[in-house]
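A, B, C, D, E and F label the chains in the order they appear, each numbered from 1.
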Amino acid sequence: MAHTIRLGRAGAGLMPLLSGAIRLALSGLLLLATPGFAFAQEAAAISGGDTAWMLISTALVLLMTAGLAFFYGGLVSSKNVLNTMMMSFIAFGFSGVLWALVGYSLAFGAGNAFVGDFSMALLGGVGTEPSGTIPHMLFMAYQGAFAIITAALISGAIIGRMKFGAYVTFISIWGLVVYAPVAHWVWNTGGWLFGLSALDFAGGAVVHVNAGAGALAAALVLGPRTDYGRQAMLPHNVPFVLLGAGLLWFGWMGFNGGSALAANELAALGVVNTLFAPAATLVVWSLLDVMFAKHITAVGAATGIVVGLVAVTPAAGFVSPMSAMAIGAIAAFPSYFIIRWRARSGLDDSLDVFAAHGVGGFTGAILTGVFATTALNAAGQDGLLYGNPRQVLIQFIAVGAVFVYSGVMTAVILKVVQAVAGLRPESDAERRGMDVLAHGEEGYATGDGAVLILHEELNGNAAK
Amino acid sequence: MAHTIRLGRAGAGLMPLLSGAIRLALSGLLLLATPGFAFAQEAAAISGGDTAWMLISTALVLLMTAGLAFFYGGLVSSKNVLNTMMMSFIAFGFSGVLWALVGYSLAFGAGNAFVGDFSMALLGGVGTEPSGTIPHMLFMAYQGAFAIITAALISGAIIGRMKFGAYVTFISIWGLVVYAPVAHWVWNTGGWLFGLSALDFAGGAVVHVNAGAGALAAALVLGPRTDYGRQAMLPHNVPFVLLGAGLLWFGWMGFNGGSALAANELAALGVVNTLFAPAATLVVWSLLDVMFAKHITAVGAATGIVVGLVAVTPAAGFVSPMSAMAIGAIAAFPSYFIIRWRARSGLDDSLDVFAAHGVGGFTGAILTGVFATTALNAAGQDGLLYGNPRQVLIQFIAVGAVFVYSGVMTAVILKVVQAVAGLRPESDAERRGMDVLAHGEEGYATGDGAVLILHEELNGNAAK
Amino acid sequence: MAHTIRLGRAGAGLMPLLSGAIRLALSGLLLLATPGFAFAQEAAAISGGDTAWMLISTALVLLMTAGLAFFYGGLVSSKNVLNTMMMSFIAFGFSGVLWALVGYSLAFGAGNAFVGDFSMALLGGVGTEPSGTIPHMLFMAYQGAFAIITAALISGAIIGRMKFGAYVTFISIWGLVVYAPVAHWVWNTGGWLFGLSALDFAGGAVVHVNAGAGALAAALVLGPRTDYGRQAMLPHNVPFVLLGAGLLWFGWMGFNGGSALAANELAALGVVNTLFAPAATLVVWSLLDVMFAKHITAVGAATGIVVGLVAVTPAAGFVSPMSAMAIGAIAAFPSYFIIRWRARSGLDDSLDVFAAHGVGGFTGAILTGVFATTALNAAGQDGLLYGNPRQVLIQFIAVGAVFVYSGVMTAVILKVVQAVAGLRPESDAERRGMDVLAHGEEGYATGDGAVLILHEELNGNAAK
Amino acid sequence: MKLIKAIIRPEKLNDVLKALYQAEVRGLTVSRVQGHGGETEAVETYRGMSVKMALVEKVVIEIGVSEPFVDAAVKAVMNAARTGEVGDGKIFVLPIDAVHRIRTAEKDVAAVTPVAS
Amino acid sequence: MKLIKAIIRPEKLNDVLKALYQAEVRGLTVSRVQGHGGETEAVETYRGMSVKMALVEKVVIEIGVSEPFVDAAVKAVMNAARTGEVGDGKIFVLPIDAVHRIRTAEKDVAAVTPVAS
Amino acid sequence: MKLIKAIIRPEKLNDVLKALYQAEVRGLTVSRVQGHGGETEAVETYRGMSVKMALVEKVVIEIGVSEPFVDAAVKAVMNAARTGEVGDGKIFVLPIDAVHRIRTAEKDVAAVTPVAS
């Protein structure tokens, strides 16, 4: 299915002696590592059209994380804007580097049914040889952009109340211990959910349910912010939220369309569905907003768009555009009402990652099992409406397994980080805002009363 | 010409029984519907390169509507920023969904010389079979992104003084009753302007003159805002205006370049012209600004870029880059002076949609008839400079017809909506701003004095 | 190497008589012009995949200049935000138009070893015929986007203290007298650095060292702003800085990946390296920030990303991803410490263009000479680690020559402009901010106390 | 010498400035504030969370005037700022002990008498 | 008539508003300011440039009250705004000569007595 | 006790803060305002629409001081804020009836005497 690759035996690595040795050492560490390394050998060639599409798709998915920073950053108060945005941006660094070093190999190395191996650690054997019709390393980078944004998605649950160092440690571990195995389950030909024929075109389970479960667990482990339920956290910049939604939608074209790994009919189906499903969600969300909030809200519109994008993610390459619109329309309901409930509950999943991504991904994955048709994608499965009710069950199993694994492992990782380094900052951090406390910066500094510290002697007597 | 497609007979629809029945019913409703449905049958194949380019072009045109939201949103005062942006964003939903349901069929169905039919309603027969060298549904989605932004463009004329529900109703109807037929006239091989050999590469008439005429009519029907001419409406965030201009320019590469429907010489011509024509406009606009505003202004630069983009839109695939620069340079003049006049007039086309898009599109369309050359695009026509003065006349007819039809129909639709639901909100809405009144939100909330409404009992006694 | 083209003899120009005559006249002006015009004649064809990638790459590089406007604009105070952004945006106009008129010909015309000629002035002979596998004019436009951003980069050195007219004049001349020749040296097959086998995949020397040297010279010629070293200039909008960094990274995929001029293995290598090198820089930069600023800062993260992008630019198509990560990681150090030193020095290179682009480009260029391998790019060279220490020397020569030429010529141009028109505005401009003084606008106007000037008679008595 | 402190609606600011100009009041200082009074409170909803906005945008105008101008200034503001609906605002008149013009070190009445610009 | 001018921490604003409501104070005006007092100054770093932030975000509440309400209002603010740490702020009580309600032209005590909204 | 209210140019704020620090004035509150005085009005143009900006950015510093400090504080501001050009601003000195320190409930002079931080 999508994201599955057939690799030619990879060419000789660069500086092979050094990296080979490190890889060998790493392999010894991997408990679950399987000895086998047997990709189907196959003659293939790079296609210019497919490569062009995957090059830009990689860039598009990369841009999504910046879009997410704005979607999230606009929703928080101005004293936490940088902390919120940095939780996305820092994933570019740590999640990105770790993906290249080991994550990719853990996800897409042959390994066993549950996890890959270290055969491609340090990008060993990941060269420009064809993987399908595109260069292997491009596939690796494309998948890396997915790993980055999935980690960043979780941050919406823990706004304004987590030590930044602890957060960086957390997502670094999470990417290797949670994301990589789950990607392996679903997208590697040897993965157990792949074997079950679970359908997940672009990551409804791997990305969204995974991040949603992680977010729920993180919100529970960290607990609510001190003034949660007493003080409203209003979005300090709704245009940023709309900008984020716009950039996310734009990037999602590469996320869903690129998951065809080629510039073909499937990519077109992915892009078309990614255009119309969120459009349908937006219409339904607006009507729900009129009923329950008395107005069509801008924050609601942005949220509805994201929910629609999430819901169509697992389905994008398996269902027709009309079905995609149905999925988008239906998916509005559970997410809308869970957000309403959450806002009144004690659960401080601050930016509703669970409701938008967890629930949206769940709805989309199940509905993929309803609307999928092999008439459009022979590599897929027929769904309930096309005579295969079993697929709904398979989708349940896939989503459920990812949810449980991600939820439990996220909690475990956080508890470990908590034991070692603590998770929450001193109590007045929340009051003063994380920007100044965790980053030593303000989002919007005026410079009023800012005294340059130039030399030691100035420290003592300038303006105080 | 551009945007014209040859369809193989479309494959069997999904869930064909249901949608077929609905389509049948819809067909009965269409007064102008023609029975014929006879596309040229032609063997064709999907090209990876062409598809790659059209996939990203579709994403680019989608992004433009978000860019427009910022271009417009930055120009208004902060109390209307969300309302302004939502007028663009809501088009994603309503205009997008309606395009898939019926708009596409009305525009590109065979129909007669004036409008399509319901043969492809509910995307019946719109599958992944080739249309030219790209999947048919990709062509449909690409065109859908055009329909969305054209509707959104009009909103610039009616800032801060239209009920949101009335607006949504208006653009929903407008997309079907104005946009779809006009697209049919110009881009469908059976359309009457197509038959006249009118040149409109990427929508100078279909998109810009169309939106400009609609904007003019809307500004006249709604009348000026209450304090128009007394209170200046200053742009609350000029960087947003520049961001919008930047995103629009970026997206316009897909708008004009993608209108070649392939990754070929014509697409290159479109992209090159879309780079240099606005550059020339920007230079001329800056010089005019120095003369008349005493400074090169940032709002002026953003406006000049957009005017240049509009002007080159009809010409992009028909003229040489040097001609495109000439068109860009010339187009600065009429739009610049009409904006100056408008600002002093009683016409509250708040963000000068008429001057930028209507006049810019007009200038570009006429100049296309001057500079077009079949040396670069054999499917086009030679213009005045290449020995065919008649083309200028044809361009006049095309632009004039679109202008009159769009202006009249826009006024009619608005009058109907007015009669049924009213157009303008209670008078203090303008004073307090549409964000709070129409959306129950603020663009930039500080949270000062915001009291959470948690339970019924709190309603009565918290902070008041 | 990258950016090198083989042109078929160009087709007949449009309106050939007129433009031919102008070209002839221009040729007479060129002192260094060589008579020869001898491109290798070669049969070639347009590739759809390659063209698709170069179309979007051109759009991506165009977007970078808007991204730069936000990266720079967020870092300054709000009274200079428009002036700072306009320094980037105006380059679209003047640098863009001049590139088409003469710059491209000066850079890529055959000419001699030091500069091109006027053979392609006014785009003579620049049609849609193939240049490699893409239309010639697309190559021209892609290069034009490079010329635009290189000019804009310099502006970071002279924030808030240069007359806008003088700036426009300066970058207009600079693009022809500095950028075009340097591009010719490195990327034209006849250029002297090309002949030396200097490696510069996407512009480490041509773009970044060039701009960095220009920035240093400009900062020195203009001198520091009046209150430099006394008053802190704090970033008025750090989210804008992050937005800029995000858009730059996104666009840089086309900058580095597009420099392969095709959608092939090399483009993939470029994109992959452009993803992971800045990721590594971001990790190292964050750790340095923890050590020296006590926090991981958002401005630091954005800066680190840009430095990593700069450093990988010359290397992107010559080194493996693991080497790219090494380059990214190493490049953090010199730029980080030079920024720290600069902030305490008397050098008002306000936004550290020298440290980020000059030093980053230098580091990247030298390390290209260390890590390059012909195993990945047969058209390149092996570097030090692959047994060719001489390449490091060649890289030094290339970077050094560009640095000296650009530095000296920038100073000369600025001195000339100073003599003719003056460089710095009246002294209270800095105090009041350049937005109001140079552009007659405010970035964030509230409209409080803004009195419309409608008629002459109102001038006298309204609110004053 | 008195300090007149008028809290008015933002949308009335330009009218009030004009009225003060006509009343020959030349110097004043304006700031954006938020007020709470008898106005009905707007309810806003963000993602299912409803909040009551207890504060409303207002503008404060502060004018230092010598006694003879107090009444004229108050009257000018009163007339220009009135809409008749709840929320029009208040005017406070505070005593001033001394006024200094920074530029010239002039004091009191001389300090607030405008100088030809 | 007095004008109570209380400088408080921004995060205490809602608590203070609530306390004032319970003390039956109905009209007030709020503005965002920056204060300098005994608090330790934060150091921020932007690209190697370190700055000491001498000013801290504060909120000012201004309340025009008739004499009988002064003590109650001061007490309400004092209790609701106190954290016990440096930086809690100050309350200034200033004399007022006159108060006008713009809407009705009522004066003094009548001007600050709330009218049913 | 007096409340010194100084309206100054924004770009002079840091200088004034420094001068006040040297005059041993420790507590103060700063806010951003817009002023109208004798300054020439800037004309801005947005898309052909010209507007005269009647208001100019200013900063207000408010300082509660006991009588002995009034002159020193006024002098410090006057000297540090002066440029000699129109628009330097004004200083108003207002009487205060009472001052309270919220943290300790200290009153009047004790309330404005700084405590070691």
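Note that a residue touches a chain if its C-beta (ideal position, glycine included) is under 8 Å from a C-beta of that chain, and two chains touch if they have at least 3 such contacts.
Fair warning: this is a prediction, and the values are worked out from it, not measured in the lab.
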{"item": "Pair with more cross-chain C-beta pairs in contact, given B-F and C-D", "value": "B-F"}
{"item": "Centroid distance [mean C-alpha coordinates] between subunit E and subunit B, Å", "value": "50"}
{"item": "Computed distance of Cα centres, subunit F from subunit E, in Å", "value": "18"}
{"item": "Touching two or more other chains - residue numbers and ranges from subunit E", "value": "14, 17, 30-32, 34, 36, 44-46, 49-51, 54-55, 94-95"}
{"item": "Junction residues of subunit A - those touching two or more other chains", "value": "47-50, 52-53, 56, 230-232, 234-235, 237, 243, 263, 293-295, 297, 299, 344, 440-442, 445-446, 448-452, 462-464"}
{"item": "Topology of the chain contact graph, where touching chains are joined (line, ring, star, complete, other)", "value": "complete"}
{"item": "Subunit B-facing residues of subunit A, complex", "value": "47-50, 52-53, 56, 60, 77-78, 229-239, 242-243, 245-247, 249-250, 253-254, 257, 262-269, 271-272, 275-276, 278-283, 286, 290, 293-299, 301-302, 304-305, 320-323, 325, 344, 373, 375-376, 385"}
{"item": "Interfacial residue positions of subunit F with respect to subunit A in the complex", "value": "10, 13-14, 17-18, 21, 30, 32, 59"}
{"item": "In the complex, subunit E residues that touch subunit F", "value": "2, 5-8, 31-40, 54-55, 58, 60, 74, 77-78, 81-95"}
{"item": "Touching residues on subunit A, where the partner in the complex is subunit C", "value": "14-15, 19, 46-53, 55-56, 58-59, 62-63, 65-67, 69-70, 73, 81-82, 85-86, 89-90, 92-94, 96-97, 100, 122-123, 126-128, 134-135, 137-138, 140-141, 144-145, 164-165, 168, 237, 240, 243, 263, 438-447, 450-452, 454"}
{"item": "In the complex, subunit C residues that touch subunit D", "value": "446, 448-451, 462-464"}
